[in-house]
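Below you'll find the structures, each written out as C-alpha cells.
The two complexes that follow have chain A in common; it is paired with chain B in the first and with chain C in the second.
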Partner chain A sequence: MKYLGKWWVKMEILKIFRLEYDNTWNSKIVGMFFSILSATYIYSLKRSATILMTDIYAIYLFEALQGYMASSIVLVVFVSYIFSKSISRQISSGLIKTWLGFPIKRKHLLISKFVLGYTLLLIGEIMPIIYSGSIYGFHIGILIVSFAIILKLFFYTSYSMFFCLMIRDVLASFAGSLLSLYIVESFPIFLHTLGFEDIANVVDINNIALGLYKVLNAKKWFETFLETNLWLTLIIYLGVSILLLLLSIQIFRKMDLD
Partner chain B sequence: MKSIGVILIAFGIGIIIAGILRGYVSDTISLDSYVESSRPVKILEGIWSPRKVYLNIKVYGGRADILLYSNGAVLKIWNNTVGFIDRVDIASRSYSYLLIIPHTKINRISQKVTFYGIEKDVLVNGFVIIILGIVIYIIGCVRRKELLIILIILFSSVILLKMDKSYAIPNWFNRGVYAKYKGRIEGEVLLLYNDTVISGNWEVYIYWRCIEINNGMAKLFINITSRSLDNISPTLSYIDYILLNISSRKVFYRGREIGITSMFLEELPRENQKITLIKTENYEVIGTVDKIRIIPTYNFGFQKVVDVRFNISTTGTFINGSKIKLGFIDRLEYDTDTGILLKGGWTSDPIFLIIAGIKMMFLTPNIYLEKTNVDIGPSDTAIEIQIWLGRILFILVIISPIIFVGYIIYKRLKSKVR
Partner chain C sequence: MIVETVNLFKRFGDIVALNNLNLHVPKGISGFIGPNGAGKTTTINILAGLVKPTSGSATVLGLDVLSESIEIRRRVRFMQELQPLPGDMTVIKFMRYASMLCDSSIREAVEALKTMGLKNFMERRIKNLSAGMMQRLRLAQALLGNPEIIVLDEPTANLDPIGRLEVLDKIVELNKDMSTNFLISSRIIPELEKIVDWISIINDGKIITEGKVSDLISSDKYNVFKIMSSNNDLLRKIINDYGLECRVEGSSLIIRVKDHWDLYKILSSMSKCRVFIYRIEVLGTRLDEIFRKMVGKNGDTENF
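After this line comes the complex of A and B, so read on.
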C-alpha cells in the first residue's frame, strides 16, 4: 500500500510536469529560449571562426567561458520570465489552487515546478556547450564550464523562485528578479572597482570555472583549491541556493493563497 | 517526443543564426614572426575554420617556397616568392598551417589573414539538427512508417552533402594586374607642364596595367584621359609606357629616373610616420601618416585604409598672363592589405607630368579606384551591418509616429464598431 502510494505520487508529479510545461513553457517559449541561447553561445566562440591555435590549451577554456558569459545575459532574462510566469502569475490568478486539486502536497508541487524549470534551462545551456565539442573537440574546459553552469543555474533558479514567491505581481516579480540577478552578476565588478579584490573574487560566481581550471592544472591541487578560495565561493553559492530553496518550500507551504 | 522535436528544431535554428552572424563578420589575424633562419618553419598552425581565407604573406630578407597544408594534404603552393596575396577556400574544419621553406636566410614573416564568409560545417550541422527535430516531431504525431522512411532518406542525403573545393585569383603586382581610377575637375584648374593654367570641366580617367615584370621592375602601360564635360574644355588623352621599381616606387621613363609615384605604398607605414609621397625632378611632397580607419569604397565595400596627409603649393600663369598661387591640403587613402591607392587627392605625380604634361590637377571630388583585378580583400561587413542598423533605426524613428497614429485610429475604429 505504501509503495502504491509512492507510485501514485510519481504519476501525479508527471501530470504536474506536463501541465507546467503546457502552461508555463509551451513550444513558443521553448523554441525562443533554445534558439536564442544557442545562437548567443555559439556566436561568441570567436576563435573557432578563424584559427584555433592547438598549442595553447587554455584557449579552449577561455572560449568556453566566453560563451558561458555571453549566454548568462540571456539566461537571466529567461529565468526571471519563467519563474514569474510559473509562480507569481499562477498565484495571483488563483490557478495554483486548481493545481492543488491534485492529490499532491504543496511542497511537491513547488519542487516539480523548480525541477522542470531547472532541467529545461540546464538542457538549453548545456546543449550548445556540447555542440561546441564538435568544433573544438571534447576537452576538460567543457566539463568545467558545464559544472559552473549547473551551479550558477541552481543559484539563479532558486533565487528567482524565492523572489517570485515573495512578489505576486507578475511584472514586478519579473523586473525585480531580473534587476536583482543583474546586480548579483555585476556586484563583484563593483567590489573590484572599490579595491576589495579578495572579497570580489570570493563572491564572483563566474570565478568558479577559472578556479576549477587552476585547481585541475595544479600539481598540488588540494592546496590550490584552498588558496584560490574556491571552496568558499562554492559553499556560499550552494549554501545560499539550498537555503533559498528550503525557505521557498516553507513559505509556499504556509502561504495564504486566497 | 514532440517537445524533444521542438527543442532540436529551435537548437538548429539557433546554430544557423549563429552561423550567419559569424559569417557576416570578417575576422583578421595579424602576426609577425621573427625567424632568422634558413630552415623550414610552420606558421599559422591550428584548426582553420571552413571559410574563405584572404592571405597576405610577406617574407623579409629572402625568398621562399610557401605551402599551405590543410587536413594532411597540400592545398596550394607558392614557389620562390617574397610574399603573396591570395584567396583560398577551406573545405572542412581541420588542422592546417603554412610551411615556409626558405631559399636563403630569412628574418621576418609578416602574416595577415582574413577569414570571411559562412562556416559551412556550422550551417550544415544546423540544418541536420533541424531535420532531426522535424523527424522526431513527426514520429510523435504520426504512425505511418512510409513517411518516416522518406524522411530518413532525406536526412541522410543532407548529411552526405559535399562542399566546394578551393580556388584562387591573381596575386598583387603580377603581370596583367591593372587599376582604373576616375575623378572629376569641375570649374577647377589643370596646371600644365610649363606652369600654364587652364580651367574647365573634365572627367579624368587614369588607367595602368602591368605588361611585364622582371627583377622587381614592372613595365606599366599608362593611359591618362581628361574627357571634356562641356564644349569649351578640350578633351586630352595620353598613352605611354613607364618602368616602375616596385620596392622603391621609383619611376623610370626612357631610361631616366623621373621621380617617385604615389600610386601605391610598398610597405604599410606607422602612424605619424613621414614618408616621401611624391617626388619629381623639381619638388618633393612629404606625407604624414594618419590613423588607420575604415571607409566606404566605390566598388569594394568597406575597406580598411591608411590615410596619408600632405600639402602642396605652386604658382601658375593663365594664358592671358595673370598669375595664380595654388595650394591645398589633401589626403591619399591606401588599402592596408595591398597598399594600393583607393581614394584621395591624387593631384600630382611624376607619371602625370611625364606622360600628360600635367603638373597638378585640382579634383572635385577626389579621385577613386573604379576597377581593378588586384585582390584588395573582403569588405568589412561588421561596419556594413552597423550602417544598415543605423539606417533601419533612422527609418523606424521617422515612421514610428505614423505607425502610432495608425494604431490609435485602428483602436478607435474598433471600439466604435463594438
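After this line comes the complex of A and C, so read on.
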C-alpha cells in the first residue's frame, strides 16, 4: 500500500507537470529561452576565443565561465519572469483556485512548479556547455561548471519562487525578483570595493566554479578546499536555498486563497 | 447532513467574515442565500480547502475540511463564482486536464461539454468565449468525476434566460438520475426557489434561518400584494400611516399585510384620497419576501 501511495504521488506530480508546462511554459517560451541563452553563450565563447592560454583546459573552463556569467543575466530575467507568471499571476488572477478545486495537494502543486521551472532552466543552461564541450573537448571542467550552475540555479529558483509567493502583483514580483537577484549578484563586488575581500569571496556564488577548479588542480585538495572557504560558500547557498524552498512550501500550504 | 459547520469563525485582518456560522445542509438540492458580503463565498472557500478557518470546524460528507481536504475534493466538485479559467487553453484541452486531475475520462469530458452546449466550441480558445459560454464551461468541469456533491457559487451568473433555465433543469435532472446533491449559492432567489428543497439564509457571517423551503413559506403569516396605482407616493404614505411595510418594484408597490382587514383599510383610504387602482395582484409568500424580511430585520439591507 505504501508503494502504491508513493506511485500515486508520482503520478499526481506528473499530471501537474503537464498542466504546468501548458499553463506557464509553452514551446514558444522554451524555444525563446533556449535560443537567447545559447546565443549569449556562443557569443561569449567567440569573443574570448582569441585569448591565448597555454593550458587548453584552463581556456575551456575560462570560456565556460565567461559564458556562464554572461548567461546569468539572461537567466535572472527568465527565472523572475517564469515564477512571476507561474505563481504571482496565478494567485492574483485566482487561477490557482481553479486547479486547487481538483484533488491535488498544494505541496505537490508548488513542488511541480519548482521542479519543472528548475529542470527546464537547467537544460537551457547545460545545453550551451555541451556546445562548448564539443568545441574544446569534454573535460573535468564541464563537471565543475555544471555543478556550479546547478547550485546557482537552485538558489535563483528557490529565491524567486519565495519572492513571487510573497508578492501577488505580477509586475511587482517580476521587477522585485529581478532587482533583488541582481543585488545579490552585485553584493560581493560592493564588498570588494569596501575592502572586505574575505567576506566578498565567501558570499560570491560565482566563486564556486573557480574555487572548485583550484581545489581539483591542487595537490593537497582538502587543504585548498578549506583555505578557499569554498565549504562555507557551499553551505551558505545550499542552506539558504533549501530554507527558502521549505519556507515557500509551508507558506503556500497555510495561505488563504480568498 | 452532508455539510455541517460548527461555530465556524473566519477573520481577515479586522474584518470578521464568518461569525460562529452553524450551517446544516441535508441531501438533495439546497440553497445558500445572503446579501453581498454575508460570507457565502468565504464559507464555500473553506469547504473547498482554499481558506483556513480561524476557529470552529466544518465537515463535508463527514470529512474534516482541514485534515481530509483532498478526499473532499475527490468526492465533491466546486464551482466558484466567476472562477478564472486559463484563457490561452482551448476548451477541450482544459477539460482534458480537468478530467485528468479528477480521475475522469476524456469521454466524460466531451459528454459534459455536450451537456452544457459547448460541443461546437471545443477547439476554441477559452479567452475567445463569451461570458455565458465561460460559465457553461465552469459548470461542465463541475460535472466531471461523478461527484457526490456539486457546490455551485452563482451558477447562473452571465447566462441568458434560456441558459439559466437549462442549467436549472440540468441540476434537477442530475439530482433525479444520479442522486447528485447540490449546494447552490445564489442571489437570484425566485430562480432558486423553483428547485431547492432546503434553504439556509446567511447574513453578517451567521445563519439567520434554515430549513425546508415549504416549512419556511408556511411559517410566514403575511400576505403579499402588488398594487399599481395612479399615485404611488400617496399610496406609500397611506400604507406607512397604518404602520405597514412596503417597497417599490418598478411602477408598483409591494405590500405585506397580516390579514385582509389591513388591505381593506388601505383600499378604503385610497378611495377617499382618490387614488385609483390600475392593477392588484396576489403574490402570496415567496422565498425572496422571507429573505428580505429576515435580512431587513438585521438592518443590513433596505427595510423589507
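Annotations
As a convention for this text, the second predicted complex is superposed on the first by the 241 of 258 C-alpha atoms of A that agree within 3 Å, B and C clash if a C-alpha of one lies under 4 Å from a C-alpha of the other, contacts with A are read in each partner's own complex, and residues count from 1 in each chain.
One rule holds in what follows: a contact is a pair of C-beta atoms (placed from the backbone, for glycine too) under 8 Å apart; a residue touches a chain by one contact, two chains touch by 3 or more.
Every value quoted in this text rests on a predicted model; they were computed, and no experiment measured them.
When the two structures are aligned on the shared chain, A:23 is found in touch with chain C, with no touch to chain B. Applying the stated contact rule after C-alpha superposition, one finds that A:38 touches chain B and leaves chain C untouched.
Touch criterion met: A:128 reaches chain B, while chain C stays clear of it. More residues of chain A are touched by B (comparison of chain B with chain C). By the touch criterion defined above, A:105 reaches chain C but does not reach chain B.
Using the contact criterion defined above for the overlaid structures, shared-chain residue A:219 touches neither chain B nor chain C, since it reaches no partner.
The part of chain B that touches chain A in the complex is made up of residues 2-3, 6-7, 9-11, 13-15, 17-19, 21-22, 25, 27, 29, 44-49, 51, 93, 95-96, 113, 115, 119, 121-122, 125. By the touch criterion given at the top, residues 21, 27, 30-43, 46, 48-55, 123-124, 127-128, 131, 134-136 of chain A touch chain B in their complex. Per the touch definition, chain C reaches chain A in the complex via residues 12, 42, 45, 48-52, 70-71, 73-74, 77-80, 83-86, 88-89, 93, 97-98, 100-103.
Contact residues of chain A toward chain C in the complex are 15, 18-19, 22-23, 26, 93-95, 97-105, 254, 256-258.
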